[in-house]
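Got a structure for you, questions after.
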Amino acid sequence: MRHLPALIIAIPLASAWIVPLTSLVSAWLARLISITALMFTTLACYGSLKHAMTLPGMRWSYTFGGWEASSHGGIPIGIEHVIDPVSGALATLVAALALLTVLYSGPQIPLRRQVRSGVYHGLLLTLTTGLLGMTITGDLFNLYVFLEITALSAYALLAKTGNRATLASLRYILVGTVAATFYLIGLGHLYAVTGTLNMADLSVRLSQVQDSRLIGFALILITLALLTKMAVFPFHSWQSDVYTYAPPMVIPFIAGTMSKVVAYTLFRLFYTICFVDGSVAHHVARQVLDVVGVVAAISLVAGSVLAIAQKDVRRMLAYSSTSQISAVALGLAIGNASALIGAFTLAANHAFAKACLFVAVGNFHHRSGAQNIEYLDRLGIRMPLTGIAFTIAALSIMGLPPTGGFFGKWYLLSGAVEKRAWGYVLAIVVGSLLSAVYFARVIERLYVGSFDGTGHSPSRGGTPRKFSKENLPFLMVAPMAILVIFTILVGFYNYDLVSGLLQYMLPAGVEWKS
Amino acid sequence: MEILMDDRPLYAVLVSLLAVPMIVWSGDRENLREVWTFAAAIFKLALVLSIAAVVSKGSLVVAHPIPLVHGFKLELVADPLGVIFALLASSLWIVTSIYSVGYMRAGKYQHQTGYFAFFAICLSATLGIAFAGNLITFFIFYEILTVATYPLVIHNRDQESVLGGRKYLIYTFIAGQCFLAAIVATGYLADGNLSFSPGGILATRLPGGEYMLPGNPTILRLVFVLFMIGVGVKAAIMPLHGWLPSAMVAPTPVSSLLHAVAVVKAGAFGCLRIVGFIYGVGLMEELGLNDFLAAFAVVTIIVGSLRALGSQNLKQRLAFSTVSQLSYIVLGAAIGSKDALIGAIFHVVAHGFMKITLFFCAGSIYTRYHTYHIPRLRGMGRKMPVTFAAFTIGACGIAGMPLVAGFLSKWNLALGAIHADRTILVAALVLSSLLNVAYFFPIIRDAFLESDDPVSFEECWWPVWIPPVITACCAVILGLNPNAFVGFFNLAELAAHGIVFGGG
Amino acid sequence: MTINMVYGHLEYYLVAILLVMGLYGMIASTNLMRKVMAMNIMQVAVIVFFISLASKQGAMAPVLPLDENHHVKSVLAHEVVNPLPHALMLTAIVVSVATTGLALALLIRINRHFGSLEESVILEKMVKE
Amino acid sequence: MTERIPGVLGEGVSTRTRWASLVLLGLFGALMIAASPGLPRVGDANSVPANHVADYYIEKGYEQTGVPNIVTAVLADYRGYDTMGETTVIFVAGLSCLLILGTQRTLRRVEELDLDSPFGSVVLDLGCRLLVPFILLFALYVVFHGHSSPGGGFQGGTFLAAAAILIRLVRGKGESWGFSRRQALIVASIGGSLYVWIGIIPMFYGKQFLDYSGLPLAVTDIPHLRAYGTLGIELGVALTVMGVLIIIFDCLLGKEE
């Protein structure tokens, strides 16, 4: 029980090393190991979250190698992992989605290609390790290492099929490395001024630093890096190609979790490190955050506008991700209690709903090879369960009342109104309107089909290959069903989610006026 | 106004939702499926009647609030205004179910299971709107109603209905977002209190008689405009009414219940809620908003009737007539005096019964002769005497003839206008009555007097021509004794009294 | 900018120049291989930055010397260079090796399929597909 | 076909983007230089980073971890968790190359060029035979002597890989000295697992993850025990780096089937 935070990383990493090895023996064994490993990881994450909630101050720090700062004169010499309500919940979310992805990708990899499936599962496990590490680490350089693990695993997984995916992945490498370099330079500046890499220690020492120009430069660099990784509007171009040409079994996981973990890093950078009242860092960070808010508002609208102009469903969903993650960033930028709760709710809702959308699109593609929107004719009727899953997830992202998206938008709006930021209110309203447009277009196509302008019954949707008769294997439908159920739960039990978990996620400075 | 804590409003809302899985499960076993619809309808009406009995004695039935968002709860409060709308919706649901069974089977439509399932969802959303205790509950059911009506509008799945559906979605989504922005702003201005309370929550009346305004007046006016856009689209106030005529592509039972009673009335009802329970009549006066609203209402009444005059399609004509009739309610709310409010609230009921009769007749004509084109209705009165008799009663009611319910609401509206010394509005009411006569009576004259072949009884299947008769009789009975059945008029007076005298 | 102000910060200007060169190389070059090389220049810039942070005037390498009877001599902090950035930069070097290796693998695959690494040629072929 | 590679200054890209990027990057450089006065002077012994955590490492490094080379101490012990992440990065690079170029057949120079002597030509043959043993010996020295002299797992692993790559360059995958891609993957996995399990074992003995003082070795004084722990992971890292570099080289070199 004492070692849960370490197990969260140790289990997937140990199995990541073994899986390619066992795949030389039998691919089936490799898949079994990765499934059990991810199951235990999810339990470890949930257990550590539950335990962390009981500790005073809800913060469970675990130092590696026995180098606790407390027993070494208060100097943070080792690397520390911190489990608090936000990182614990996000880690559980990541582990759960990873488990669903492994199950979902099962039937899509031919088992006869042993090494390839072993390598695929190995990379998926390292990707999960990277994301979990980024979520719960308490050390800025350690965060960079896990950022690189995530990025590299993502480059490889995305470049598997086809040469366009290779080009997209190469472009992703270039942009990702620029972002990582900016992060490192920013981190170097912070290290040069404070001498430490541990987040808790850094925030204490940063508050005594008077050089506002250097802190400003460091924060701008790190924020640029994180916004690029989150694919917010001005820096989003790499994402659409990557989501379009990547293998359909990986995209739900990457789309669902990566941008959320990076958004959490942005939250931690500003709210737990910089916001120490009265310090120069606080003042500079506030200004940088306002700029981030403006960029996020523009990206919220621009993302939706770009999504409307797309023909390919996955490219449309990629731009929709840009607009949704900038809504989360906007919540972080506004900063008061309800906006933050809105950002967390939207992040959770988007994780489940977007993963479910990509799984549904993957299922449509699996049976009918439909990629462009006009090939989706009447698929909602021929594949009813996938159609319903797509519609519910779409309604949830649109933000219609009984869904989680609505409550997230409600908190975000009340946060913006509280701050009298009418520009943000307008951006949120216009953004969700536009998101309704591009989703309604697809839903209508799914259920009513296309017209060739002559007004009589819809023409036979020409799908690239014949609609395969045998319906989807169970393992491709079950994850989708689970994701839809979670999307609905985030909506209906939103109050319990907020009062049970999200409420404790608020940083110290922000009070919840209950 | 003592409070009775009881979950009956919640059950009333949920009962038709529970029927949905049963309807979907029973699928193509039509008779079994219809049984579920009727059972839900009758049970719902019984529940609403029991609530009405309690409310008409002057007390409120409040369901235990369900926590929803931090600071706001899902409150279902049955107050006189809410009960009237609930009674109207649930009673007409039974009649419309009979009618739609006949209409669907006679016209051999497909997707009937989907049709009845979404119909039940719409009804539960309408009940939710009627019993909503605060703005956030109102908005949740308001949006569910929008989404649940869309599949019904595009029921025929052909090009025309899909375009109509698209237009409907665009209008209602824009309205929904403006409404949401307004609600959040009100939540902020009234610092965390969104629940409807008679006489308004935004302004506190100082003993000196004038108002202490929460924000500066321009923000209050902007928020009111946003509210009116949000509610006005559904209430088809003139610049925002575009979707209603093009939504007529839906099958006639849908147009009759939803687009004459449930959906559009939700808009008008919302307008009454905002004017009476959020802003309050006094604050409207203070900010000069009632003249602003009255202007829009009058324009809609007149231009609506003119457009009705111009259209040759019977359903289009009825649609524009609905647009103008709805603005009677908006006008009543704008005037703000007690009689005007009574007239407006009673018109909710009166117009409901009369307009549904007209739509039923249009539907039965279409089932029999597959046409809505008015010139082709010449001489049909003799072949379908019962339908056209009901049509005549409905038309007289809309025109405001005495002995039919329409007259009472117009009378009170005019009385209220005079009390609030806005006599020019009476002229508008008179002009609109003339226009009503102008676009209805030629149809009736051609139908009966033009041809001379003998009167024959070529009505279609009984469930298609009996419901218009029932609703026409109800309209007449309500005309004669407004407190028939459940005392609509008494409830209207209670509600109006609450609004004007601030829940005193 | 007084002289001793500039004197102590020459390395940081070198870092800035290297960074700008790397970024410009990535944006302006049309050959994909040239972009990957520019990416490497950028990664070197970070390494130079951290190492210049760690240096101390006249300090020796962070390996403790042995005294006459083969015991490790204890040493004061300012005599030895700051070891932490050096350890961090080992990681950065490893990461740059990994990304460059991966990028080269992708380049080979692109070259095999499109026959060239020139962006213009690749775009033509992609449009034709 | 040798196509003319455009000039260094990238005439290919449209002038507008070139000038826009120049202006933007110039601004970025100026911003960086403007922020640089806040940084400590290069070489200043009492700068902030030198006096907070680093001085602890220097003064107490050998005393706590038993490793005279402080960089190795920091790398393997104090921040051993970073290095585990690093090894994973290397492993991921290896897996990705397998995934992307995994299908190619490895180059077999000997059959194609039907040379007589196994190592291609007499000079190459003799050179190889002489060089490889010494490279391997030096590599092992670097791995195991990384404690008290500059070196360690990564550098040693690269030397081991260099020996294998020298053989491949000279004669392709020779039968006698076979080190196939499959074996490289096995070696890399073993190295990585060694590292992770050295981290996990202390947890069974009640210590934190990666706390080498919990290792069940028959050594009493703690610094010495930790030094052995560091040695263990250095070995793991060396094996991983060797395996991965061979995989990468093999994939890059392989020919389309």
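Going in written order, the chains are labelled A, B, C and D, and every chain counts its residues from 1.
One rule holds in what follows: contacts are C-beta pairs under 8 Å (C-beta built on N, C-alpha and C of every residue); 3 or more make two chains touch, one makes a residue touch a chain.
Here the structure is a predicted model, which means the values were calculated and not measured.
**Student:** What is the chain whose Cα centroid lies farthest from the Cα centroid of subunit D?
**Tutor:** With centres defined by C-alpha atoms, farthest from subunit D sits B.
**Student:** Whose Cα centre is nearest the centre of all Cα atoms in view?
**Tutor:** Smallest centre-to-centre distance to the global C-alpha mean: chain A.
**Student:** Round to the nearest whole Å and give the separation of the Cα centres of subunit B and subunit C.
**Tutor:** 71
**Student:** Determine the centre-to-centre distance between subunit B and subunit D, using the mean Cα coordinates as centres, and give it in whole Å.
**Tutor:** About 74 Å, centre to centre.
**Student:** Cα centroid separation between subunit A and subunit C, in whole Å?
**Tutor:** Averaging C-alpha atoms per chain gives centres 29 Å apart.
**Student:** Using the average of all C-alpha atoms in each chain as its centre, how far is it in Å between subunit A and subunit B?
**Tutor:** Whole-Å distance between the two chain centres: 44.
**Student:** Spell out, as numbers or ranges, the residues of subunit B touching 2 or more other chains.
**Tutor:** Nothing qualifies.
**Student:** Scan subunit C for residues touching two or more other chains and write them down.
**Tutor:** If we look for residues of subunit C contacting two or more partner chains, we find 15, 19, 23, 53, 85, 88, 91, 95, 98-99, 102, 106, 109.
**Student:** Mind pulling the residue numbers of subunit D that touch at least two other chains?
**Tutor:** Expected reply: 32, 39-40, 47, 49-51, 53-54, 57, 79, 82, 85-86, 89, 92-93, 96, 100.
**Student:** Could you run through all the chain pairs that touch each other?
**Tutor:** The list of touching pairs comes to A-B, A-C, A-D, C-D.
**Student:** Going by the contact rule at the top, pick out the subunit D residues touching subunit A in the complex.
**Tutor:** For subunit D paired with subunit A, touching residues are 31-32, 34-35, 38-40, 47-54, 56-57, 77-82, 84-86, 88-89, 91-93, 95-96, 98-100, 102, 182, 185-186, 189-190, 192-193, 196-197, 199-200, 203, 207-214.
**Student:** Looking at the complex, which residues from subunit C come into contact with subunit A?
**Tutor:** Per the stated touch rule, the residues are 15, 19, 22-23, 26, 32, 35-36, 39, 42-43, 45-46, 49-50, 53, 85, 88, 91-92, 95, 98-99, 102-103, 106-107, 109-110, 113-114, 122, 126.
**Student:** For the complex, which residues does subunit B have touching subunit A?
**Tutor:** Contacts found on subunit B: 67-71, 136, 139-144, 147, 154, 157-160, 162, 165-166, 169, 173-174, 177-178, 180-181, 184-185, 187-188.
**Student:** Residues of subunit A touching subunit B in their complex?
**Tutor:** Answer in residue numbers: 338, 341, 395, 400-402, 406-407, 409-411, 413-414, 417-418, 425, 429, 432-433, 436, 440, 444, 448, 451, 455-458, 494-495, 498-499, 512, 514.
**Student:** Residues of subunit A touching subunit C in their complex?
**Tutor:** Answer in residue numbers: 141, 144-145, 148, 152, 155-156, 159, 163-164, 166-167, 169-170, 173-174, 177-178, 180-181, 184-185, 188, 191-192.
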